[in-house]
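Structures incoming, each one as structure tokens.
Shared between the two complexes below is chain A, which has chain B as its partner in the first and chain C in the second.
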Partner chain A sequence: MWSLLKIELYKIFKRPRTYIAFGAAAAIVFLFQAGLRFDGKSYLDLMLSNIDDAFDFDDSFKDRLLNGYFICFGILNILLIQMPLLVALVAGDAIAGEANMGTLRLALIRPVSRTQYLLVKFLASVIYTLILLIWLAVLALFGSMLLFGVNDMTVFRAGGIEVISSGDVLWRYFAAFGYAAVALTAVAALAFLLSVFAENSIGPIVAAMSIVVVFTILSEMNIPIYDKTIRPYLFTTHMVAWKGFFYVKSTEEGITINGSVGNLPAILKSLSVLVIYIASFLAAAIWVFRKKDILS
Partner chain B sequence: MSAIIQVKNLTKNFREIKAVSDLSFEVPPGIVYGFLGQNGAGKSTTIRMLLTLIAPTSGSIEIFGMNLFRHRKEILRQVGAIIERPDLYKYLTALENLKLFAAMSGVKLTQKQLMDQLDMVGLAERANSKVKTYSQGMKQRLGIATALVHDPKLIILDEPTNGLDPQGIADIRNLILHLSREKKKTLMVSSHLLHEMELVSDSMLIIDNGKKVVEGKVNELFDPAETIVELKTTDDATAYEKLYKSELHSYLREKRSDCILLKLDQRRVPEVMKELVKMDIDIVSFHSKHSLEDYFLSLTSAGQHVESFKN
Partner chain C sequence: MKRIILLTVPFTFFMLSLRAQTAEEIIALVKQKSDKVNDYEAKGKLKTNVVFIKAPVATVKVYFKKPDKLRIKNEKGISFIPKGSVNVNLGNIFAGNASYDIIDGGKEPGTGLRIIKLLPQEENAEVVLSTLYIDEKQLLIKKAKTTTKENGTFELEMTYGKYAEYGLADKVIFSFNTKDYKLPKGVTFDYDDGTKKEDKNKLKNKKGKIEITYSGYSINKGVPDSVFE
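Let's look at the complex of A and B:
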């Protein structure tokens, strides 16, 4: 199994297209950081324009606000929407790409079971997703910390503002990245399942992204009847629960409690839903692939 | 010694299409077994079933005396194959491709062993070139190298000369003969290049529309005592009736829409022609078939297509 996994990873990282995702993520992070480095004040003024009157932020507050933690949060809000596409590019290509190249039949006449082959392919896609996330973490989190320094982190929510002390932030990012890894694995599993049916990569990649987009729109729709009937069952509803790690509990005096998470059970519930989706997609992929006649 | 491949009543349906129908054959050890049929006859479907890429609708396959689907891994460890086009990882070099397929077959070869494999197919000098820079012939040879990388006992080659120039075809022919005569491998080779198959095969199976038409040793199939004769007359129906009632009825093989097929010893041809004249049958043509192409066309529906083009 390990030897097969090494082969799959070798193949993934030998393809130039693999690095598109790394390049795209780096470009977005760099542009975001460069923009804020040179004109962060204007960005904050624009961002705070709606609530500035109510809170009357002074310049020193704004200086403290614009730190590495705050900027990383902004980057993640943008990038974690685009990341599924980058993940689908590799996972959707996993089986369909081999079928398209004509190498699937060569692989399946080797003494390897189809289930084992599929699991190794999926594992390689997951490892790719994790490496992409680590890359993102290094650039967005550590890069921003290096460029902008660290300070208390301010989180804007519909209900108001929360300030998390700087010593209480880093672990929340690790948890959020861990959660994002599971969320992106769900997208990878979906693209992987679709890949089993197809004989070229474009189909599963486009289909996976279409499903993610439609589900995300449904997840975001504020129509009350969908709140109980559709939204809780869509995996996209649960993909954004990583933000929950940055919503903290407060004392009656309004002081945030270090180490607390506003609604941990809700995060864990979302996590379980994602895990169920991953297991279901993978089981379906194995079931279909074991029975499939390889005609490519 | 018992057969290396034993296929019994193999059938594969793709919905309403019957790709392979009740096919049975055996491949003895140490020979080159030619597998012939026109395009769409069911050759590739049969080979894919032998390699577990396609599940049969019914029937059984035993390789090395073991049930293929129960002992899949054990069997595939000893089988090397290429199927139709030689598709490999174009963004990797020949050496990387070979290393990768060796690892997938569960063998770890040294750099020298890998280079020896490439040398055998004449690619040692281009070992470090990416496959996307290879010609069709070089890809085909590399495909064969990947099939042989784990030193299999049984080699299955599906259309190995597809897209090759005459020199490439001759190289593959020599390689097949080398593997059979020198390395004592068992080879099953499918092709529609009849002359090539005639040159390399010890035994042969011809299929048409998914069904077995004939199977046997090449020297027996082309035995003069088993010559196929195509007879055309001014009235085939009456001629067939007369033949059926005559002493020549044992030579009758088949009545086709445009001719009658007879099977007889070539030495008896003059005598049979005299008999036909005596029986007052008006002969338009009397053609005895000797080459594999003639034989193949006389046995398969390809012959009928050829005739329809002539008309």
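Let's look at the complex of A and C:
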């Protein structure tokens, strides 16, 4: 199994297109960091415009607010919406790519069961996803910490502002990245399932991307009829729950409680929905693949 | 006649000593007390209590320099400091040579604090009206309400301790008007975690408060102007 996994990982990382995702992630992170480095205060002016007649926001306040933790949160908000597309590039190619090259039948001649083969392929896709996330963490979190320093983290929400003590932030990022890994694995599982049906990798990649885009739009639309009927069942609704780690509880007086999470049960519920999706997609992929007549 | 004079003079002095001080006299004495402080640097803990802000307790330094410079600095972290916080130092009410009309408002029922209103004579003054609640015996301002042209109404509540002789409080609660806070979801990328939302009407026009509990003052040791830039 291990040697099979090594082969699959070698195949993934040998392909130049694998690195498109790493390059795209690096470019977005760099552009975001550069933009805020040179014109971050204008961005903050927009965020603070609602209350700037009630509070004093001098340059030193803005410099502190514009710290590595704040920047990384902004990057993740933008990038974690795009990441599924990058993950689909590899996971959608996992089986369909072999079929396209005519190597699938050959690969299955080896004394490995179809289930085992599929699990190894899926595991390789998951490892790729994790490495991509680690790359993102290094650039977005540690890179921003290095460039902008650290301070208390301010989270702007539609109905209020939450300030988290600097010592209480890092573990939230680790939790959020852990959650994002599960969320992206769900996308990988979807692309992987679609890959089983196709003979060409373009199909499952585009199909997975389309499903993610349509579901994301449905998840983000604030149309009451969808709120209770469709939204709770879409995996894309639950993919953004990583943000919940940055929402904190407070005392009656509005003092933030260190180590608290606003609504942990909601995050755990979303996490379990994603796990169910992963298991269902993977089980369906195995079921289809075991019955499939492999001709290429 | 001699007898009458001998009886009248001590009685007159006795009556004069019993006479309540006029509002002008009280203000002069309070001002005299606050004039002892040319500058100070104070350490303290700041609690922010604004309906749309959740923030940790911050360690702050408060710098003051005559006539009316005041700066609250969070040395490390992030604190939302309200505009008009310069009024945290009550000496600012008497700052400069501004002249004002003094109106005696009598005593506050219950507390017995003397209510004195200050009306600036200058037409373009930022402060429209200051109402002070003064402990006449200690010559300390316990409460103050200041109405400004630009920044609404501020309220102050002071608790005094070992720096009372300088008229400096150990604890100040500064209340100010806040507006409704709202940012579009598209800007904040907000995620609905299912937490019950506060009633929107409750959030509107609520007073915000900051509470500073001072741990110590360093008085008249000099504060550089650069601190206030």
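In this text, the second predicted complex is superposed on the first by the 289 of 296 C-alpha atoms of A that agree within 3 Å, B and C clash if a C-alpha of one lies under 4 Å from a C-alpha of the other, contacts with A are read in each partner's own complex, and residues count from 1 in each chain.
Everything that follows uses one rule, which is that contacts are C-beta pairs under 8 Å (C-beta built on N, C-alpha and C of every residue); 3 or more make two chains touch, one makes a residue touch a chain.
Treat the numbers as computed from the prediction; the structure is a model and nothing was measured.
Novice: Given the alignment on chain A, is it a clash or a fit between chain B and chain C?
Specialist: When both complexes are placed onto chain A, chain B and chain C end up side by side without any clash.
Novice: Quick check on the superposed pair: does A:L295 touch chain B, chain C, both, or neither? Answer first, second, both or neither.
Specialist: So A:L295 only meets chain B here.
Novice: Figure out whether A:A21 sits in contact with chain B (first) or chain C (second), or with both, or with neither.
Specialist: Neither partner.
Novice: Contact-wise, after the overlay, does A:K243 reach chain B, chain C, both or neither (first, second, both, neither)?
Specialist: Once the two structures are laid over each other on A, A:K243 reaches chain C alone.
Novice: Does chain B (first) or chain C (second) touch A:M145, or do both, or does neither?
Specialist: Once the two structures are laid over each other on A, A:M145 reaches no partner at all.
Novice: Anyone got the angle at chain A's C-alpha centre between chain B and chain C, nearest 10 degrees?
Specialist: 180
Novice: Who does A:V169 touch here: chain B (first), chain C (second), both, or neither?
Specialist: The answer is neither, since A:V169 touches no partner chain.
Novice: Check whether A:T256 is in contact with chain B, with chain C, with both or with neither, and answer first, second, both or neither.
Specialist: second
Novice: Does chain C touch more residues of chain A than chain B does, or is it the other way round?
Specialist: With both complexes superposed on chain A, more residues of chain A are touched by C.
Novice: In the superposed arrangement, which partner chain does A:L108 touch: chain B (first), chain C (second), both, or neither?
Specialist: A:L108: touches chain B, not chain C.
Novice: For the combined overlay, can you note the least CA distance between chain B and chain C, rounded to whole Å?
Specialist: 41
Novice: Give me the intersection of chain A's contacts with chain B and its contacts with chain C, in residue numbers.
Specialist: none
Novice: Provide the residue numbers of chain A that touch chain C in the complex, in ascending order.
Specialist: 46-47, 50-51, 53-56, 61, 64-65, 77-78, 151-152, 154, 156-166, 222, 240-241, 243-244, 247-248, 250, 253-256, 258, 262-263, 266-267
Novice: Which of the residues in chain A come into contact with chain B in the complex?
Specialist: Where chain A meets chain B, its residues are 3-4, 6-7, 10-11, 14-16, 101-103, 105-113, 291, 293-295.
Novice: Which of the residues in chain C end up touching chain A in this complex?
Specialist: It comes out as residues 47-57, 76-83, 85, 176-179, 181-185, 187-191, 193-195, 197-198, 203, 208.
Novice: Provide the residue numbers of chain B that touch chain A in the complex, in ascending order.
Specialist: Going through chain B, the ones touching chain A are 14, 48, 51-55, 72-74, 76-77, 79, 81-85, 87-92, 96, 100-101, 103-106, 146.
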